[in-house]
Amino acid sequence: MMWILLGLLAWIAGSALNVWLARRPRSRATSLAVPVVFGVTIIVVWEAAVRGFGISPVLLPAPSVIAARMASSGSVLWEDFVQTVVKGALTGYVMGCLAAFVTAIVVDRFDFLRRGLLPVGNFVAALPIIGTAPILVMWFGFDWQSKAAVVVIMVFFPMLVNTVEGLRDTSAMQRDLMRTYAAGYWTTLLKLRLPAAMPFIFNGLKIATTLALIGAIVAEFFGSPIRGMGFRISTSVGLLQLDLVWAEIVVAAIAGSAFYGGMALLEKAVTFWHPSQRG
Amino acid sequence: ADELSLQLKWVTQAQFAGYYVAADKGFYEEEDLDVTIKPGGPDIAPVQVLLGGGADVMVDWLPSALAARENGAPIVNIAQPFKSSGLMLTCLKEHGIESPEDFPGHTLGTWFFGNELPLYSWMSKLGYATDGSEGGVTIQKINFNVDPLLQKQVECATTMTYNEYWQVIDAGLTPEDLVVFKYEDEGISTLEDGLYTTEANLEDPEMVDKLTRFVRASMKGWKYAEENPDEAAEIVLENDATGAQTEVHQKRMMGEIAKLTSGSNGALDPADFERTVDVLLSAGADPVITENPGEAAWTHAITDEALQ
Amino acid sequence: MRNLIPVLTVVAVIVAIWYAAAVWLNAQWVLDTAARQDREIGTSELVLETWSQDKPRLPAPHQVVTELWETTVEKNITSKRSLVYHAWVTLSATLAGFAMGTALGVALAVGIVYVRVMDMSVMPWVIASQTIPILAIAPMIIVVLNAMGLSGLLPKAMISMYLSFFPVVVGMVKGLRAPSRMQLDQMRTWNATQGQEFLRLRLPSSMPYLFASLKIAMAASLVGAIVGELPTGAVAGLGARLLAGSYYGQTIQIWSALFMAAIVAAAMVGLIGLVQRLTLKRMGMA
Amino acid sequence: MTNAMPQQAETSVISAKALNLTFQTNDGPVHALRDVNLEVGKGDFVSFIGPSGCGKTTFLRVMADLEQPTSGEVLVNGVSPEAARKARAYGYVFQAAGLYPWRSIGGNIRLPLEIMGYDKAAQAERVREVLELVELAGFENKYPWQLSGGMQQRASIARALAFEADILLMDEPFGALDEIVRDHLNEQLLALWARTQKTICFVTHSIPEAVYLSTKIVVMSPRPGRITDVIESPLPKERPLDIRDTPEFLEIAHRVREGLRAGHAYD
Amino acid sequence: MTNAMPQQAETSVISAKALNLTFQTNDGPVHALRDVNLEVGKGDFVSFIGPSGCGKTTFLRVMADLEQPTSGEVLVNGVSPEAARKARAYGYVFQAAGLYPWRSIGGNIRLPLEIMGYDKAAQAERVREVLELVELAGFENKYPWQLSGGMQQRASIARALAFEADILLMDEPFGALDEIVRDHLNEQLLALWARTQKTICFVTHSIPEAVYLSTKIVVMSPRPGRITDVIESPLPKERPLDIRDTPEFLEIAHRVREGLRAGHAYD
């Protein structure tokens, strides 16, 4: 009962604090504080609910238990992080995005390919990862290479579609200007279409960050060496070590958010001129 | 009729024939029970379902049940229809493995999710490291099928006598191409499919009564299945919602399952329990359970009543 | 129609590569079998056998097509062995999840655009939520919902919703913020209410973004439904077929379920595209 | 040479006192308005004229509550610009046409009417009226990108005229129009003004246009934007087009030109 | 009243014969140009004037190979517009500024120079020069959205002047500028023209501007767009600003005004 009351209290206090913070003039500090307060509130409410309602740790462990586990299993978490995020997700992300970018330029150049490849591409992109992952594991082996392959496939089409869309997103007048300079294909690409496509490209890059992480983790469910975040999650559930499962999930969420945030910062620097960034 | 739900640890197949037979033949009805059988799958931890209130009884292996107990899940074995273990390690002969002495330097595939525990115990008993280091073996997690063995990603793979082994055979290999190590023969067998419920349930007399009737009917189902394997397999097939199982395979599986259940009347043999615990406790550096839970983990209360 | 020839060309190229890959990936097995049977094997024999295995590493296109044909056209659609039946099971969860996800996504986006606290606090957590591997928590969600007495379609739809609301939020926030400074200023000069500004300016300008997101959301939603089917005990649906196929090494069955899923997704996405064209045409934007 | 305004005792519709506005940009602040004072009476027709970049648009935006002054005070109809905006006190014609691409010309003009709750019949009637006024009858169902630059601008004027606001703020509305249409629209605007007693603030680059239309001409100079001259026109309210050849007209035009020239660096 | 062109024996830089252009729209075809014939000689300064929507922009776009005529023939420098465009024969100033938002003002002006392969030093030199010409010195590092409408238009003029093309196509370049800047830029343009012997096609709505600048004035009428008059200016090449008060000047202006008026429905 005590805990439930505390949870309610935390909820009310957190929302009130945020409303107050949001009314302040916008600054770096407030825009950082608001989501943090929001998150802390959720965590406190979670803790209170688990204790207050006596939820079994086998169903949902309390944040404090998860934190304790993170502190004690640091080396395991780090090993899994390197295996899954650095080796699997990151390599796949870089390769997939690069490949999609180059393909987009080729596809955009040859209309025949655009009309042929994009519909087929859309179809292939619709193949659910749960189906493709086992196949890729079968082809590329258990180690990170198959995870990277899954990530490549997952990020390829969102990135491709966004880039192709972006390369076409120029106004008639902007294109006409290039025509008047008799600018060739490459010049137009470099000076007009790529800069104009940047907002779209970053859209793709941002979506791809979350996809890459999910892809690498989920692919490990279908085959992995005996380390990696997906491996740990899938096997620890069987042993009912739910605290370890959630510790891995927390690491994944932090890594994913950092990855996404990094991309968003880069986007801000590159597409400062776009109305959505000017605010 | 009283409602009761059973969570299986795997998909609908002859491994669970007893329960389907009991339902189909009306044994549950005779006990005034309305039983819902929930198939499992690779991502279902039956313990979670049980503790989450999604089921009243579950089928699980003793090793993973004990591991769950140590992690704070108050579950208790109430019946043990399976007497012997169907677990084995199957190797391709071409890799030159003939006896356990030949393991070092090779890659052994196993399912995880609690199923890896017997293998780890075995390796530690043999004194082999499992991290792929010199003089040890490499353990590889594989999915619940035999493709990695066929495609030579691993040299040996965990199989069940009643299922995966036959998939290897179906794939075109002959028994002569294979070398098989049964856990039962290596003296490291652990108890498989038992029935478990929560401590809370056992404190509720009404529930105890329901469970007693359930176990009684289920055992009747098992014995019927043992005697009529083909009919039991048909019943399983009828209950398979995925439509993926084949008749040949299920009939063969039923035959093998019958061998495993034949020695049991449903009551847990304390000696088997102690042997399983010993195997688990000896599992090297990182044992899954650290102490013998003793009689708290099982009870004869239900079976004593049911099997009078 | 204009797209037919390019599409067919690309498909033809893919099929050709596919057949070649099938030979390459399946050859080992054929050779091993032949060796075990002490049989000499010629090239043409080898190629033909790689295209007709029972459990190939990579089934040949015609094997998949045959399986698809047998399990859709030749089976009664109410039969448990009919892919149409399984596709329908999955589709119904997909559609329910898609509807809920779209509603949630749009609602969140509207909140983010109009309510400052939400703008500042929700987005980072929405992003974080998407980095959680759904496959890991799906079983727990299902268990919890089951314990709460929810079963059947709804738990699956919830997982679909979880996956599909994200693209909608991201797209709609961008879309609702797409109006130019001048367009917003105009609305100010007319002292339009927030509702009017929303309906007459922000919503119309967000349409292209909305439809782009809906297409992604539909695909995500299908994945969600399939993921949701795995821990419900592989009862029915394309997910169950995939799973069952993978336990028994039935690669042909996996591939045909996979294709069925892609066909369903493509059809749904095509449908959204159609609605998009009609809507944008009515709005004079296409 | 900021000069003191002749204080108008009568109801002042727009009153700016010691107005300053500074934009912060990546390379330093831009002083768009510096110490601007102005009184506009009811029924006045005020033209703003001044070199490009001197702050005319910015001043109009401040009146319309689209930009917040850094310091100083503005009153519109005796209340703050925000209150005036909320009371739908003015119609605004932007420097660029800014039509919504997903609405036809008719739909664009109907938009403010829908927002202000005119009924269907009244909407149709007004759209027809203003389209005729700007000579775009027959283009109701075309989309913006199908019109030439000048036609789009006329549609945007029509949109601001469609509803009955007491104050009209117009930012170079006739910039992209030829002399003939422009003369025609000038006449139409004067007639409308005479008929409805609206107060009009009008930005233009054409000296004859400013002199022909206005009761008051405000001359501005750039960087920082200041008011350098306010000329009260002695011309009668009734103004045929050929008033532009009278000596009074030419004299005012001369004074405006001199004021403008003073704001430029060269000659 | 399409009239026959006086055939020019000298090198004709632009020559249009029986030109027609029809746009297909959702509610029927729009005849933007009908039977247009025109010869422009080397070094000519041609102004196009006509009511809004009569096809001036369209005609310029055809010359620039940005629009394909439905029928008829155009030659630029004796070759097809496409060949001329590929030879970078002209600079084009669009009716709207159309600056790239991701480039600063300096970057926008540098753009054609980069494309045409000027070296870094030459680029910097030219950017400085043209920015001074249009009075935007000091704004090199600002971004387009930080400039007023008129300043953007001047930047876009600077961009077209930065490289040395023989032909200049300018679509209402001075539309958003005040009279003083406009006069100044008019003088600058004339000086440039005299110095470089460029051929200039210039769309404007200002009759005095057209008369002051041109050697040839083309009057157009709308729907369908036709050429109704071509006036060869008798004014000398040397034109001080006060030439605008001479009787010759006023006479030509009168003729243009009459031609324009004929194209309008009213008065």
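Letters are used for the chains, namely A, B, C, D and E, taken in the order the chains are written, and counting of residues starts over at 1 for each.
The rule is simple: contacts are C-beta pairs under 8 Å (C-beta built on N, C-alpha and C of every residue); 3 or more make two chains touch, one makes a residue touch a chain.
Every value quoted in this text rests on a predicted model; they were computed, and no experiment measured them.
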- Task: Provide the labels of all chains in contact with chain A and in contact with chain C.
- Result: B
- Query: So which has more C-beta pairs touching, A-E or A-B?
  - Reply: A-B
- Whole-Å gap between the CA centroids of chain B and chain C: 35
- Query: Where the centres are mean C-alpha positions, what is the separation of chain B from chain D, in Å?
  - Reply: 85
- Task: Please work out the Cα centroid separation of chain C and chain D, and write it as a whole number of Å.
- Result: 54
- Give, as an integer number of Å, the spacing between the C-alpha centres of chain D and chain A. 49
- Residues of chain C that touch at least two other chains are 57, 135, 139-140, 143-144, 180, 230, 246
- Message: If a residue has to touch 2 or more other chains to count, which residues of chain E qualify?
- Response: 96
- Query: When you check chain A against every other chain, which residues touch at least two of them?
  - Reply: 59, 134, 138, 234, 237
- Task: Let me know each pair of chains that touch one another.
- Result: A-B, A-C, A-E, B-C, C-D, D-E
- Along chain C, where are the residues that touch chain A in the complex? 2-3, 5-11, 14, 25, 57-58, 116-117, 119-125, 127-137, 139-140, 143-144, 166-167, 170, 174, 177-178, 180-181, 212, 216, 219, 222-223, 226-227, 230, 239, 242, 246, 251, 254, 257-259, 261-262, 265-266, 269
- Task: Name, in rising order, each residue of chain A that touches chain E in their complex.
- Result: 171, 173-174, 176-177, 179-183, 187, 191-192, 195-196, 198, 271, 273-274, 278
- Query: Which of the residues in chain C come into contact with chain D in the complex?
  - Reply: 180, 182-183, 185-193, 196, 200-201, 204-205, 207, 283-285
- Touch list for chain B against partner chain C, complex: 8, 11, 38-45, 48-49, 52-54, 143-147, 150-152, 167, 171-174, 177, 240-245, 249
- chain A touches which residues of chain E in the complex? 61, 64-66, 85-88, 90-92, 94, 96, 98, 100-103, 111-112, 114-116, 143, 145
